[in-house]
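You will see subunit A twice below: alongside subunit B first, and alongside subunit C after that.
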Partner chain A sequence: MLLVLSAEHRAHLGCLPRAGDAAVGELGRLALEQLRRGAAPRACEAAARKLNIGIDTIQHGVEGLVYLLTESSKLMISEIDFQDSIHVLGFSDELNKSLLQLYLDNRKEIRSILGELAPRLPSYHSLEWRLDVQLASRSLRQQIKPAVTMKLHLNQNEDQTAQVLQTDPATLLHLIQQLEQALGEMKMNHCRRIVRNMK
Partner chain B sequence: QRFRFCGDLDCPDWVLAEISTLAKISSVKLKLICAQVLRDLLGEAIEYDKILKLTSDAKLESGDVKATIAVLGFILSSAAKHNVDSESLSSELQQLGLPKEHASVLCRSYEEKQSPLQDRLRACSLRLSQLGSVRWRVDYTLSSSELQEVNEPVVHLTFNVRDREGEKMTAVPVTLSADKFWVLLAGEEAAGTSVGWIC
Partner chain C sequence: ILDDPDLKEIDPTVLKHCHAAAATCILEAGKQKADISAISACLEDCKLDKERIEQFCTEYQHRELVTVVSFSIGRSPLHVTDVSWRLEYQIKNNQLHKTYQPSYLVTLNVENSDSGSHSDVSFSCTMEQLQDLVGKLKDAAKSLERATQM
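Right after this comes the complex of A and B.
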């Protein structure tokens, strides 16, 4: 599967051959840092001064590399496809080889970073519970009414929320039975077939 | 096989696995590590460096040290939770394969701190909101824009309530006429007698 590079993208990457080999290594490093931690304008300024190139060119070059690497890692393209895709840029063989090396070395890490970007539902953190018995109220004395109070702690993107729930024991048993039925579905033939095919 | 300290359920597999790690530490050092774990369970700071020094002789890896702390924490808090006396705990631990010396050392540490541990667990139990304090003031209204001679007492109450998450104190101000205040007081007395009836 080939990557199609837009004209703007090609223009951004066009600064690479002019910059020289050392610069390419530096830009590659900046691109990876940007993927790991986000944009760092000061690092780009420092690189611009060191390599004696305009800061805009550096930023465009870094962004072009970031896009190239993320698209290639996202589609998990093979070496040959990567080489063919960057061939259109008309770079020297050495530059092509260093770009390929950059891609292969960091592909796995980039994929794991991309994996974390998917939206997430709140997930279970912990559950506190308490069993109470209501013995009397303003309206009625001498009752016996059990209730289970639960505080469900959830995690969503590093935010912790808590939900307080209260139920009587009969509903709780019904809830447990429903959840056990849901778990039991995993053992049915249909699920087993799918799980086996996914492995 | 059912164990009382696990709440009359099977012992978790990971606890069984770590019992053999506990046996590698000498019983004298185990007593000191228990003291540290108890400090952590009672809410004081744990001194991890001391534990590392104590386990260095047994040549445990860092994963094993953490597992030791986890299994000791589980045994002690679970025994306190189910109100197990130290002799039963000792015999059950020996059934799991812990040597007699180690079991007796662990149970002696447990026995010393059983009450404070149970008090602490009780304090940590789920609570939705908690009344901090009540402040009151009684005023006497002489006259108002509606009526020249009022001559009525008025009660101001401020309830300081700690919210669900236990972090902020909110002040809830309430103003009552004398009659309403008697109704409130009568309700509270009735609730008090109901509580007295159980205890």
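Right after this comes the complex of A and C.
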């Protein structure tokens, strides 16, 4: 699958051949830092001074690289496709090779960063449980009412929430049976076939 | 009671008092699990004659419903009544393609004893996390079994 680069994108990356090899390495590093930690205008200024290039050019170059790397990692394009996609920019072979290396070295990390942006439901963290027996209440004395009290810990966008729930023994056994069925589904032929064929 | 033709002769206020008194008596007796002798003794103290005490006690014998109702009154944390689950295989999202991750979406149906409303707790988990959850629930069930054998 080929990456389609817009005219603006190509213009941004157009500064790379003029900048020289050292600059390309520096811009690559800045692009990765921007992906990890967000935009850093001061670092761009420092690079602009060191390489003797205008700050606007540096920033455009960094942004262009960021976009190139994120789109390639997102689509997980192969080496050949990546090379063919940047071929249209008309860079030298050496520059193409450095860009390819930059992509291959960092795509796993970029994919894990992108993975954290996906929409997420609250996810399971852990469960604590406790066995209780209710002996009396305001409306009835001398009872024996067993119950299981649980504290369900969930993660929601880096917040941990705890929910206190209670069930009776019959429902507990029903829950266990249903969830075991759910686990069993993963091992069925249908799921295995789909997982195998969709790699 | 106010519409009952047999009771039309009696002053409605008195009727209400009698009804309330009888109901309270039944509830208290049920709450304390009092037996017939205890109830008779109590009613004697209230200066009821033997015939009425006997009638009351016979009616009281049919008190199973009261106990059931009292049993279910009371506060408790949210009560889980059922669970639904969904197994899905994620292929891509708008940030990342080719993700290829299976995951479970579990919903616990929860009832609130106060309002009778249904709020549900939903969460997603991986297969390992679901195994952890099921393992912990099974531990709880096992300790329940051991407790009943004590």
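Going forward, the second predicted complex is superposed on the first by the 181 of 199 C-alpha atoms of A that agree within 3 Å, B and C clash if a C-alpha of one lies under 4 Å from a C-alpha of the other, contacts with A are read in each partner's own complex, and residues count from 1 in each chain.
Note that a contact is a pair of C-beta atoms (placed from the backbone, for glycine too) under 8 Å apart; a residue touches a chain by one contact, two chains touch by 3 or more.
Since we're looking at a predicted model, the values are computed, not measured.
A.B. asks: With the two complexes overlaid on their shared chain, look at subunit A and say whether subunit B and subunit C clash or fit.
C.D. replies: Result for subunit B and subunit C: fit.
A.B. asks: Which angle, in steps of 10°, is spanned at subunit A by subunit B and subunit C when each chain is reduced to its C-alpha centre?
C.D. replies: Between the subunit B and subunit C centres, as viewed from subunit A, the angle is 40 degrees.
A.B. asks: Return first, second, both or neither, reflecting whether A:101 touches subunit B, subunit C, both chains, or no partner chain.
C.D. replies: neither
A.B. asks: For A:78 in the superposed arrangement: first (subunit B), second (subunit C), both or neither?
C.D. replies: neither
A.B. asks: Answer with first, second, both or neither: which of subunit B and subunit C does A:149 touch in the superposed model?
C.D. replies: In the superposition, A:149 contacts both subunit B and subunit C.
A.B. asks: So in the superposed three-chain picture, is A:135 touching just subunit B, just subunit C, both, or none of them (first/second/both/neither)?
C.D. replies: Touch partner of A:135: subunit B, not subunit C.
A.B. asks: Please determine whether it is subunit B or subunit C that touches the greater number of subunit A residues.
C.D. replies: Of subunit B and subunit C, the partner in contact with more residues of subunit A is C.
A.B. asks: By the touch definition at the top of the document, which applies to A:191: first (subunit B), second (subunit C), both, or neither?
C.D. replies: second
A.B. asks: Looking at the overlay, what does A:164 touch: subunit B (first), subunit C (second), both, or neither?
C.D. replies: Touch partners of A:164: subunit B and subunit C.
A.B. asks: How far apart, in whole Å, are the nearest Cα atoms of subunit B and subunit C in the superposition?
C.D. replies: 8
A.B. asks: Find the residues of subunit A that appear in the contact set with subunit B and again in the contact set with subunit C.
C.D. replies: Residues 129, 138, 141, 149-150, 164 of subunit A touch both subunit B and subunit C.
A.B. asks: Residues of subunit C touching subunit A in their complex?
C.D. replies: So the residues of subunit C in touch with subunit A come to 27, 30-33, 67, 70-71, 73-74, 76-83, 85, 87, 89, 91, 93, 95-100, 102, 104-106, 108, 110, 121-125, 127, 129-134, 136-141, 143-144, 147.
A.B. asks: Residues of subunit A touching subunit B in their complex?
C.D. replies: Residue list for subunit A touching subunit B: 128-130, 135-136, 138, 141, 149-151, 162, 164.
A.B. asks: Which residues of subunit B touch subunit A in their complex?
C.D. replies: 125-126, 128, 164-165, 187, 190-191, 194, 197-198
A.B. asks: Mind pulling up the subunit A residues that touch subunit C in the complex?
C.D. replies: 74-76, 111, 114-115, 117-124, 126-127, 129, 131, 137-143, 145-150, 152, 154, 163-169, 171-176, 178-180, 182-183, 185-186, 191, 194-195, 198-199
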